[in-house]
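Right after this note come the structures.
Each of the next two complexes has chain A plus one other chain: chain B in the first, chain C in the second.
Up next, the complex of A and B:
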């Protein structure tokens, strides 16, 4: 074997560490979980997994939590377009219509960058029903009976949606700002000379030009939203009365509160199918509005 | 003529000034949860919910912060655990990703593309699908309830391999070919040429990886049991449950856990914003 051939074989050496890691921590778990979804297996009771075909899925469709999770998982999609829209408007404003552009960009991006469990707990206290700042404000503008937010099954999901919307704006803004800076100023100047108003510029030139970015943000935003777990679970554990149980919390509870590993696997793969389905629908719909 | 243009400039400046003021107010609204957190962490219990909100505490105290760090709840220990894991991963993960990315982008070998497509597929599978099998496998591997359960899987990222592969493909082939003809092997080219060239990507990925690990709640929740192993997000949840209605203490703990992110954001802003924007625009 000559030197050149040996160098080519080095390719395997280069990817080996990563490939081994991926196999152990992703590929094997994925296959294992794929098998588990067709079994009945309660971990820790000493029995081996029992193959039951699609039994878990039949059970899931009849599960009350399934309907709740589907509803909440669809609700949790709402913040995505809202925060995309707000992020876009902010980016348009920051893109050469303000002073201190860089400082403002950092101000808007920081809340996204730091969001996590700590900020979730801040929201929990802000939404404190009896005397928290949000209800104190609502009281001061004359709302006599403000919502109980996280404390009531009727309103907990609204609090989650508000928290999610606020958290996503900074990211969408930064992505749009980058896209806006790629638009040539000549094109905009030309339209202005032709007498286009700012609204027309926005609707007829800027929006179509950034439509691939919007598409990207919709796809990744929906995926991220459906997968979201930590910030909701840390505050509510899916409650009160399961009112904030989304798919990821549904799967988590079955696995780690009840150790029903087969059933939990079926639930988590259903979540994957949901993500895949929503992504494919968007993919199919892109021809209508995305201009490359 | 002179007057017309100058009055237009004044008008433009006025408009720009007004929109600046408006945007500053809007950004403060978005920042307000974090500002409230910081200000409340310096308040006495009785001042937490006074309305109108005291953005600057009338009677500021340091005792909440001191208590968070010194009380028996082990917040200092959670911090140490998080720092340890984050630092190991922010050095290890970029290096391992860069090595693999070199193989995927610069060496042609049999099966390369098949493996890469497999990576693409793996990237689509949500973490939640893997939690159950990983939990079981980690028990078998005896790494459940150890920091290895967070470190080992964290070292291998598909995202990192993609990011470095993208960058390596933008390095002209002539550069490495010239070195190759001079008899330098792939290891030499990688260490002497590619690693130094990819400093900005290494920095960017290290920053992103640090924030991921620092904020990682789910893995810690599932794979750690002993309180002395807790990382900051999990430790904080524990702290919140124990703090009950001591909201000022809670906010001191929350502030402590956000500070490293703010420091990273402040110093790494250039890299962070660049990397976020470029990843999306290039699709």
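Up next, the complex of A and C:
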């Protein structure tokens, strides 16, 4: 065995634990769920899976809750560009000389390294309709009938959108900060000497130079949002009246409340196709605005 | 090049081995899933529980936290039975916890006995071959020992588990608050009186009443239970659309939005207050829940309180209703996993548990169902050291009285879909009349689908 071959072997040894873990915990379940989506399998009822072709997809189309979950899943994409924009603006601010720069950076990033469930519970308290601080403030400025936030089917989704927007800012800010540090100061100084205003610097130099970062954040943000589950489930379980049921909660309820694994697999693969479609569209569109 | 191929083959082999291993597991699961529910086959091949050098080890799964009784139960058993050692494993009695138990049953994990708390899950486990038919164990007549209420747990005229405790829903009262307003402890009441009490008792930062999530279905379902456990009319269609349902929904709606004596339902489910702690802290004057609140009210160390606790029966829809069935009955149904290697040993434990063994569960509010159980001993243990903090007359009247009890067999899907309708009614998207019709509609839809 020569040096090159030994290196190759070493490479396989290093990736083996991950590969085995991926195979057992991700690949095999994914392939199994692909098979299950064409069956009517109900877990723990003693019956083997029966092949029903596209029966689960037919059922999905006729299911009112599926339509609700599609709408809500598309709605939770809205926080992605908003939190990217806010993350970028904060990063630009913190990249310049400001007082308490490090403290502010830690402050904005804190939600990212805090448990999502803990953050969700903080939002739950903030949005508490009768005794929460947000409604207390709204009451103090004369709003007699403030929104019920998570407690009303009319406003629960808005509360989720606000929570998710705020939750994404810290991560986006840190990634942008790293990208901003990569921009050569010569380019910025040259532009300044040529008389560029701050707005022009931002629009014509900084934004194009961080566009690969923006692209990365858009892709991962959309994927994360569509898969979003924990924070919403922790507060609303998809309610009240299914008003915050998104794809992942819909699939979870079918799988783990009713053990309908075949149907839940079909929903999960539909979610995968949605993510794939949105990612491909973004990938195709990047040529027009991402500068490498 | 050849070496590289060899390496690639190695990696492929590795993946194949893991696949095969998983496949083996899957095959075993498949066998388990279709395993016979008959004990005969397993009993024949089972080693007897005769004295053995190595003690038989049994694992019992239940949802009560170990420190609230079960650990003391198994410790007592293990001391008396060195040849059969039992270990207690706790699962949380929610969707995720029940899934954990079902997965354990399907995947041949060590579960010899487990406790069922919900009829639909119990029935599902029977159909999946995960509960042993107890008919061959002739040395215990469940009907005779546990009383007529036990028959609710018969499936196709057979027992697949032994109901061990009596449980019911009732209203916990802060007697000091009632006394302060000159209100007597109710012995019989309907929702109108419940509403009136809550309205009088509410105060600054004190709710008049609180109740467990979706407890509106207790008086609603209780008004239909006598005619059918499946909550249907004689013609088999849903009975939900009736004047009593409409009235119950209206009263609750008025309590939430007019009187503001009851926390609005959607606010409760999205802010998740700990109701037991609200009650002992005096943040609600009444609490409509189950006897598991004893875990909190008996624990004066962690949850100190100065007031006396009294009890009232669950309110009917109308006080003078004669056909009302209180939500409750026999529960904590102990089943044997058909795949246990030691069904006789498990059975021996179950008989002991039902007869005497569950005594340490009493302080947590578990009332034994067996007629041979030393009831007085259980009651004194239940209130040991805290007797003075209860209005014992009302507690005994409610918990050990002879109110008609029953459990509904509403299917899980209807129950879940009806929760969405309750959300709509109590966020004022549907009127009580529309709500009652919707409750019946989803029930009928699922009744038809099940045919």
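By our rule, the second predicted complex is superposed on the first by the 269 of 292 C-alpha atoms of A that agree within 3 Å, B and C clash if a C-alpha of one lies under 4 Å from a C-alpha of the other, contacts with A are read in each partner's own complex, and residues count from 1 in each chain.
One rule holds in what follows: a residue touches a chain if its C-beta (ideal position, glycine included) is under 8 Å from a C-beta of that chain, and two chains touch if they have at least 3 such contacts.
All figures in this text were calculated on a predicted structure; none of them were measured in a lab.
By the touch criterion defined above, A:28 lies against chain B and chain C together after alignment on the C-alpha atoms of chain A. Of the two partner chains placed by superposition, only chain C is touched by A:156; chain B is not. After overlaying the two complexes on the shared chain, residue contacts for A:265 are found with chain B alone; chain C is out of touch.
When the shared chain is aligned, chain B comes close enough to touch A:213, but chain C does not. When the two complexes are overlaid on their common chain A, residue A:288 makes contact with neither chain B nor chain C. In the superposed model, A:9 lies in contact with both chain B and chain C. The larger set of touched chain A residues comes from B, when the choice is between chain B and chain C.
When the two structures are aligned on the shared chain, A:256 is found in touch with chain B and with chain C. By the document's definition of touching, both partners, chain B and chain C, reach A:43.
Of the two partner chains placed by the overlay, only chain B lies in contact with A:275; chain C stays clear of it.
In the superposition on chain A, the residues of chain A contacted by chain B and by chain C overlap at 8-9, 12, 19, 28, 43, 125, 128, 256.
Listed in rising order, the residues of chain B touching chain A in the complex are 15-17, 19-20, 22-24, 26-28, 30-31, 33-34, 36-37, 40, 49, 51-53, 96-97, 99-100, 102-104, 107-109, 112, 115, 118-119, 122, 124-137, 152-153, 155-156, 158, 161, 180, 185-187, 190, 211, 214-215, 217-218, 221-222, 233, 236-237, 240, 247, 250-251, 253-255, 257-258, 261-262, 265, 269, 272-273, 276-278, 280-281, 283. Here chain A touches chain C in the complex through residues 1, 5, 8-9, 12, 16, 19-20, 23-24, 28, 43-48, 124-125, 128-130, 148, 150-154, 156, 235-237, 239-242, 256-259, going by the rule given at the top. Of all the residues in chain C, the ones that touch chain A in their complex are 3-4, 7, 10-11, 14-15, 18-19, 22, 30, 33-35, 95-96, 99, 102-103, 105-106, 124-125, 127-130, 263-264, 266-267, 269-272, 412-413, 416, 419-420, 423-424, 427, 429.
Interface residues of chain A, counted against chain B in their complex, comprise 7-15, 17-19, 21-22, 25-30, 32-33, 36, 43, 90, 93-94, 97-100, 104-111, 113-114, 116-119, 121-123, 125-126, 128, 131-133, 136-137, 139-140, 166, 169-171, 174-175, 177-179, 182, 212-213, 216-217, 227, 229-230, 233-234, 247-248, 251-252, 255-256, 261, 264-265, 268-269, 271-272, 275-276.
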